[in-house]
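Per-chain numbering from 1; labels A, B, C and D assigned in written order.
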Amino acid sequence: MLLARLLEEKLANLYRAGKINGGVFLGKGQEALSASLGMALKKGDIFAPLIRDQAGRLAFGEDILDAVRTYLGSKLGPMRGREGNVHRGLPREGRYAMISHLGAMISAVCGGLMARRFQGQTGVVGATCVGDGCSSTGAFHEALNLAAVEKLPLVLVVANNQFAYSTPNDREFACKNLVDRAIGYGIEGHTVDATELDACLDVVGRAVERAREGRGPQMVVATLLRLAGHGEHDDAAYIPEALKNSPTGRDCLKVAECTLMERGWASAADLEAWREETLQQVEEAVATVQREPAPDPAEETWCALSTQELDDTFRA
Amino acid sequence: MLLARLLEEKLANLYRAGKINGGVFLGKGQEALSASLGMALKKGDIFAPLIRDQAGRLAFGEDILDAVRTYLGSKLGPMRGREGNVHRGLPREGRYAMISHLGAMISAVCGGLMARRFQGQTGVVGATCVGDGCSSTGAFHEALNLAAVEKLPLVLVVANNQFAYSTPNDREFACKNLVDRAIGYGIEGHTVDATELDACLDVVGRAVERAREGRGPQMVVATLLRLAGHGEHDDAAYIPEALKNSPTGRDCLKVAECTLMERGWASAADLEAWREETLQQVEEAVATVQREPAPDPAEETWCALSTQELDDTFRA
Amino acid sequence: MITYLEAIREAQAKALADDPRVYIYGQDVAEFGGAFKATKNLASAFPGRVLNSPISEDAMVGSAVGAAIEGMRPIVEIQYADFSTPGFNQIVNHAATLYWRTQVKCPITIRLPSGGTAGSGPFHSQSMEGVYAQYPGLIILTPATVEDAYSMLLEAVAIDDPVLFCEHKYLYYHLKAEGLPTEALPVGKARIARQGRDATVVAYSAMVHEALAAAEELSADGYEVEVVDLRSIKPLDTDTILASVARTGRLLAVGEAWPWGGVTAEVVARVASEGFELLDVPPRRLNAKNTPIPFHPNLWGTHRPTAPTVARALRDLLRL
Amino acid sequence: MITYLEAIREAQAKALADDPRVYIYGQDVAEFGGAFKATKNLASAFPGRVLNSPISEDAMVGSAVGAAIEGMRPIVEIQYADFSTPGFNQIVNHAATLYWRTQVKCPITIRLPSGGTAGSGPFHSQSMEGVYAQYPGLIILTPATVEDAYSMLLEAVAIDDPVLFCEHKYLYYHLKAEGLPTEALPVGKARIARQGRDATVVAYSAMVHEALAAAEELSADGYEVEVVDLRSIKPLDTDTILASVARTGRLLAVGEAWPWGGVTAEVVARVASEGFELLDVPPRRLNAKNTPIPFHPNLWGTHRPTAPTVARALRDLLRL
């Protein structure tokens, strides 16, 4: 969580300094939820993170360099400059690389799980995160229904951060809680207050466990607030103060730190030391990547097919 | 109901005699449900019927000639031979003409209702029918959610006739009853045994009333069995005998006739007379249309735009 | 005798038998054997590997992408090519980009029953190959013969990239061959379906047969028309086309799809760019008319190119 | 000074003010004013007529079709052209066919923020005009200037058929004009953006400016290149293109989209068919490279045609 937060703060700084091409999208306020999912998954599971899952990515084993390299467009990154920011992954290691179209990754995870079943693997879980806004897409619906019909070990975490870009919940859906959708798919649904790390670990952990045990798809709907703009270009002036000051608006990281201290598991000094250490790690990663080469157009194959000899090349 | 049944039986005969191009799709067993909807709607409402809605179309005011002309490809029909069978309508009279892509008509009805709202009209209802299979489409989901967000006076009738073509319910969805979907959209849901005309009139009638009163979208999930093949080319051998012999497999028309007789509202002789009369009507319509001209390619504009001068014509 | 449709079924049977990574997913493909019976008996012959999907084209293709990531080689049957539109996003943005983005291969075969038949109307008749061909990362096959339907489908399943297999519904039952082929041209090679010296018709899928019939007609008048069957429209075998035009000096490109863009535009543009000096007269195109595909056979027969209209276009071309 | 983006906003404000049947529907278009601020302040200026939609492109377009049936003239903003794919079916099969099937007009304007910008990557950069152009029943506008952005958007709303308005994101802020135009060419007419005698470049949208810059560069060497701005790619103004080629004898078609099919194929195929004898040398095409659109500006700058690559293609063409 802390690493994700500090890494993203650094990326936001780089963005403001004009050092990043394209957008920067923060998971600020969503770290407890995302990390809980990443931690509950095991090696061999499938995870398709979305835009606000820096914490979950790290928890599931993403190297911090992968993030920095993708944002800075390093040739050495997993996407080699072809893709940026949150559009990264290493599918071979179970980390699918998202396409931008909301909802599209859910059915891909379903297919991954179908494949594992064909291959006779058991005890595998596939997880993905989406936002409240994504719940309006046809892709979301088709995939969840497919997962339910196939009784796949899918965990879908819906981070209801109250807004889809600028659009509030009441223009996005009309049910009381998105978890009500689970009933209509015939799958198990859970809710969690995602400002509380403990609750996230518990609820998300149990959902993953249930999926692993063969109880079919699990939907976790988390309540929280996006503590940043949609991207760093957005000042999010549309978020009402009252909401920011409500329990939903709490910062899961601060809440977690308080809990640690309350329970006597860490002192303020410990926290400060962790922060320093983590910051160091982030700074080093950025410094490393900043020395790395940019992609070179001359080295590109400019071929989208793996079967290069079937490429439709042009002579003219 | 009776007219729809006899008309479709005639069309099926014509199909078997090789007199119809393309498929013939019957609403056999679905007449009570469909007719109830057509009867509950008023002039000025919007209705987007689907494949098994001959009864509802007639009840909502479709001329029997429209159906026959479209099936036989008469130039004088509403689709002038450009479209066939169930792909017909007169949108200006509130009867939208379906495209084949399942789920696509629901959002169109939503938009029609939005338009009426913009125009200040109140008390209008928009209705459409879909099947159990259509509930798996992304289009179904997006449209219902939109309707819920806009609180539109939409009535969606889901005819769960147990099969989507050959695919049984258990490969199409995993919830107990599709009406559970209503919860997830935050709209009102109703169920009905669609083999009973009384029940259909009551439940569908009330759903239309509620929509008209401003209670937002209404979803009616009806249980019944398709008493025909998917189309007349299909012998539906995949439908188990046990299901055919179950209460779900009852023929709504026969049930209704029995009820009429039980209640003393009609005698067997009355029924026979109606049947004769109706058959006569069907035979006349078919005879009329069979004398009508087929469309003439030379008379076609071969232009898809209403703004013909913007057509991208080709000289070569 | 084996039909084009049976060849497709046989190819799938062989793919399932030969490679445990292959499975079939689509509406009604299991016990029922598919709307066209292209998967007849496969579900019982290969238990658990031929699965009915919900009516969810987006999720069908999306799931195939995920399965491909995990090493499977899915065959997705779309009931009609026209119904691939709800799955369009997953095809063009997910399947087509996967390898380029992640270096993980995406060996999916998407079967698209394509093209018009009498009475099938605007939404059961479309030829979408030219639409998909605009996207990088896809391979698009358009078999015109029973032999190609068989061998190219097997090849499609073996190719490590997403393949759209545009099988023509009109050819399903109409076309018969003596038996299954034992050898075949590789994907990417066009075929000279008929040799000639006076003009070249470039066609694919059902239009190859209209072109052959037209060529036959003109042969009676002493003209020898060469017919090139593209077999795959992406990749497009420009070399074979150019070689033919070099022999004949005259080009007519024929397609069943709509007139704006598409295969005929690409063929003519390539020949104009790369074989300009080979052309004795301006190249011509013949496409369907620029409206949705009409239901009534009268109208449909005028909407699509047919042997008589191909022959007429050829006469015009030969008169130049 | 007014930017291309402001012109789009102003056109929508005028359309809303002039015609009560117009409304705007799209993600974040209301109070927020849209992802690009193309609808800034419109929600407050026109209460109840600028509505936020859920993230449901299929239903957004489908609802617009229904509203059009009932006499409205919706403007649908798709957040990025790339995200029109989930709405593809409603666009090509419902909106585009409505009039032909039912004789009820379908006056919808779908705004597609199109084209690449540095760092926007594979899914926020696409140019889909050539894909949509294959479908009958659609009109496809591709404004290259501030003036056209304004006047063509107004015209789009006035046209009784579905219009895809492909506005280019790269031009949003880069392009400025003195003020709003008072007169304009009608839709369907191309514009000679620069006169010349030695070669014709046919371009549209952002590529017009790359072509103009290339023409400027060649002018220093004494070549005068004519630049045709298509303005609309469907309808495509073949007459103006042919007239230009008649003057210059040389043709280069430039497009930002992928190389297979699309606008450059259609342009070259038409000129080859209809203006063969006007061509002194083989026509050429310059398109983006045949891969998804890369994120890194280094790669993106090579992927798309730019003034230097247009100039190089022109030099090759002029040397022939």
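We adopt the following convention: a contact is a pair of C-beta atoms (placed from the backbone, for glycine too) under 8 Å apart; a residue touches a chain by one contact, two chains touch by 3 or more.
Just so we're clear, the structure is a prediction, and the values are computed from it rather than from any experiment.
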Chain C and chain A - chains in contact with each: B, D
Separation of mean Cα positions, chain B and chain A [Å, integer]: 43
Chain B-chain D separation of Cα centroids, rounded to whole Å: 39
Gap in Å, rounded to a whole number, between the CA centres of chain C and chain B: 34
For chain D, residues that touch 2 or more chains besides their own: 53-54, 56, 58, 82, 85-86, 89, 93, 96-97, 100-101, 122-123, 136-137, 234, 236, 260, 273-274, 282, 284-285, 290-292
Two or more partner chains touched - positions in chain A: 79, 82-83, 87, 99, 101, 136-139, 142, 145-146, 149, 171-173, 303-304, 311-312, 316
Touch-based graph of the chains, sorted into line, ring, star, complete or other: complete
Residue numbers on chain C that touch chain D, as the complex places them: 58, 82, 85-86, 88-89, 92-93, 96-97, 100-101, 122-123, 130-131, 133-137, 234, 236, 257-258, 260-266, 268-269, 271-274, 276-277, 279, 281-285, 290-292
Footprint of chain B on chain D - complex, ascending: 23, 48-49, 53-54, 56-72, 74, 86, 89-90, 93-94, 96-102, 104-106, 136-137, 139, 159-161, 187-188, 234-236, 238, 270, 273-274
In the complex, chain A residues that touch chain D: 20-23, 73, 79, 81-84, 87, 99-102, 133-134, 136-139, 164-167, 171-173, 238, 294-297, 300, 302-304, 311-314, 316
Complex contacts: residues of chain A adjacent to chain B: 135-142, 145-146, 148-149, 151, 170-176, 178, 180-187, 216
Residue ranges of chain C touching chain B (in the complex, touch as defined): 27-28, 30-32, 35, 52-56, 58, 82-83, 85-86, 118-124, 259-260, 282, 284-285, 289-292, 294-299, 301-303
